[in-house]
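The next block holds one structure in the form of structure tokens; read it before the comments.
Chain IDs A, B and C follow the sequence of writing; residue 1 opens each chain.
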Amino acid sequence: MLTHALKRLLGAAPTLLLLITLAFFLMRAAPGGPFDRERALPPQIEAALQAEYHLDQPLWRQYLHYLGGLAHGDLGPSFQYSGFSVAELIASGAPVSFKLGACAMSLAVLLGGLLGCVAALRRNSIFDRALMALAMLGLSVPNYVVAPLLILLFAIVLGWLPAGGWSTHGIGDAVLPVIALALPQIATIARLMRASMIETLSANFIRTARAKGLPMRLIVWRHALKPALLPVLSYLGPAAAGIVTGSVVIEQVFAIPGIGRYFVQAALNRDYTLVLGVVIFYGALIILFNFLVDLLYGLLDPRLRLS
Amino acid sequence: MNTGAVDTGPASRRSPGSWQRVWLRLRRDRFAMIAAGVLALIVLLAIAGPWISPWPQDFIDFDGDWGAAPGLAAGHWLGTDELGRDLFARTCYGGRISLLVGLAATLVSLLIGVSYGAVAGYAGGRLDALMMRAVDVLYALPFMFFVILLTVFFGRHILLIFLAIGAVNWLDMARIVRGQTLNLRRREFVEAAIVSGVGTAGIIRRHIVPNLLGVVVVYATLSVPQVILVESFLSFLGLGVQEPATSWGALVSDGAHAMETTPWALVVPATFLALTLLCLNFLGDALRDALDPKEF
Amino acid sequence: MAEPLLQVRDLRISFAAGQGGEAHAVGGLSFGLEAGQTLGIVGESGSGKSQTALALLGLQSRAARVGGSVRFEGRELLGLDERALNQVRGNRIGLVFQDPMTSLNPYLSIGAQMAEVLVQHRGLSRAAALADSARMLDAVRIADAAARLRQYPHEFSGGMRQRVLIATALLCHPALLVADEPTTALDVTVQAEILELLQQLRQELGLALLFISHDLDVVAEVCERVLVMYAGRAVESGPAAQLLTAPRHPYTAGLLASRPRLDAPAGEPLRPIPGHPPDPARLPAGCAFRPRCAVAVPACETLVPELRALDESGGCACHAPLRDQGVGPGVV
């Protein structure tokens, strides 16, 4: 188990380093950017850049300085929000984004898993067909289309729920954004769960369990659920990436003060350091999540657990 | 196994008969046929729409109501947006851009993915392991943010957008093609060709590529909607196609801002976008089933 | 006369096969098995023998249509609901399958997989069920049973897993054990051990055994009586020794001639049966074996031969049964 964890960590570290390196050098290579010496910058920003990025030193030294800063959680100052560091901005948006993402993820896993299981057990029934058609629809309608449509229907036409904002209307604020964010993931997980449950139920050990005279309920619960969940588990990494990506638009549409909103503003205003910082933060988050999923995977599989 | 002159040609390729069978199976799938029909209609509209429409897509109709509801009377069949631009013309025009980006970026990712995957799978051994490790590492990168990073650093040019999407989207293709090639390489007809002295290039051209066609077609069908999604995501955020040009994503974004006064400006492009993605996904799934479910 | 333990009559299993057609996996199979006795069913893959085993307990795939009658301990099993079938499965009838490598759940400990049977059928507590399971592992000659119960399937070899599966099938002391190719996936030496174990357990526990295999020699080693299946039908039945030495059906004779033997004269070639078994969706008219049969007569083309008793011990479904001219002296 420990070797498994170490191996996974060794896999995650270079990915993170690659992300940082690519992002750093891309920023440096960008034409017309803040590091383009052709451009005249206000003297105080010039000075701040100088202090922060050691522009007088060779590129590789600058890179090392940047890495060193990262290790201390220093992502540099924001170009746009003067007086704020990138780390501060991220920290201020993180709790909101985190709550939103965690709710959407839990909803996606629970509802998607449940629906997928039921569809697999009632294979080819009307329920199954209807659900799979809906899931296909859910996959095909991106959340930036779902979100405004939800607002149109539930906030504007029906007036049941607020159209946006965060922690101004109580829990009602979270309902639409969480649903909009979770929907594509619910669809994907339901499809995945259904396929994996059907495959598991056709396994030889399920036939053995049936030959033992166990009731179907027990077979599904004790014998089939865990192996059927494993593919879903390995999808959680990509699902997290999808939710992080989705949160960017969802925060935008619902005017939620999370990291995603800063990110979009920064991207539109070409606030290089903030964009870079958020990309690295998101990247690190997704890589960390993948690593945790890998660990969990190892914990669930007895072949990995014991060796 | 016999030696001597082994004719490995016809046996190794998907015979015309088998393509015919795929087509027949696909024809029997009612949903797939409906999806194909709807898709053809949308593509036709995107191509011909701007000519059919009496209004240019960026024409502001000062004579009509700004934000007119859909109707036949004023000639704005699907209404106008907040600025009084004809929604039908804009949606068709936006469709051109979205579909074009989808196709172009898929083509880029096919080119990179197929050659990378085929080389890795055919070479095998350490080169393969190294190449696939690189793909694994890239795979773990949050790809959407990378595209955003590129658009932020290098400007919001449409050509750049689909180059960026294609350049990041090839990973799936490379993996699938590599797996298939590895499989094919171990098959008898390829071994037979090697034994009978056919060169590497000849084997790749005559045996590997024709047999990869099926997977590539399926993947391309499933990749187009993904790319359209990415483009519309960027455009929705204002990072993609720039005014006065437009795409479905940008239209949905415009519509979302004005949905209280002109809800049709949101619903129309959203419907076109969702319908296209749905049809492409359905078609891709059906194609995969028709080709051979066991190949995946 | 009292009803035998298991009485199968006219068992039919079919599947829908494209364009409204039907594939007949089993077409009218009948046999009986007395308590404590052994019966072997022999046939090539696709002859319907495994389908038969599954159908006895209602475990056939959902696409299968099953007809006929399966009476066990005086009760009709076909058409019983799942609840009632579950009281028979694993309790009165134990089932062991071909592939021990994949027949155990890799995510549950051996103890959990064994104990659940006793908890389900006997209402035992988990601790009592585990104690009983340990005793049964002992009985199938697995050393250090209590510790083994805590282990997972991947820590067991194929032969050991098959022992575990046999032990699991026997936990509730069933009256009948159905073993479907239990040794096919195992090494030859392990195969011999498992066969010997089955023999011993059968005697110790007074089990009836329905043993299914493609290997006539293996079946003859374990079973008193043998039934040979071809294309979903019984073609010959009789005492094992008699079938090996004096087969009546040309197919049985062909099977005997085609197997490799150590005691055959050096250089004598194997004589495989020419041709292939028929597609169950397109069975030929008349005898299904006719296209491959060397001694077919005109009646074989039109009339399906019924299994007729040739003497008190056996029967044969053939229009032109062989008479003591089979394949030289076989040694059992």
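Here is the rule we go by: a contact is a pair of C-beta atoms (placed from the backbone, for glycine too) under 8 Å apart; a residue touches a chain by one contact, two chains touch by 3 or more.
Keep in mind it's a predicted model, so treat the numbers as computed, not measured.
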**Prompt:** Looking at which chains touch which, would you call it a line, ring, star, complete or other?
**Reply:** line
**Which two chains share the largest set of C-beta contact pairs** = A-B
**Message:** Centroid from C-alpha atoms only, then distance chain B to chain C, rounded to Å. What do you get?
**Reply:** 53
**Request:** Report, in whole Å, the distance between the mean C-alpha point of chain A and the mean C-alpha point of chain B.
**Result:** 23
**Two or more partner chains touched - positions in chain A** = none
**Prompt:** Along chain C, where are the residues that touch chain A in the complex?
**Reply:** 57, 59, 82-83, 85-91, 94-95, 97, 99, 102-109, 116-117, 120-121, 152, 154-155, 165, 168-169
**Request:** Spell out the part of chain A that touches chain C in their complex, as residue ranges.
**Result:** 203-205, 207-216, 218, 222-223, 226-227, 300-303, 306
**Fill in**
Residue set of chain B touching chain A in the complex reads 136-138, 140-146, 148-155, 225, 229, 232-233, 236-239, 249, 252-253, 255-256, 259-260, 263, 266-267, 270, 273-274, 277-278, 280-282, 285
**Prompt:** So in the complex, which bits of chain A are touching chain B?
**Reply:** 11-12, 14-15, 18-19, 22-23, 26-27, 29-33, 136-137, 139-142, 144-145, 147-149, 151-152, 156, 241, 244-245, 248-249, 252-253, 264, 267-268, 270, 272, 275-276, 278-279, 282-283, 286-287, 290
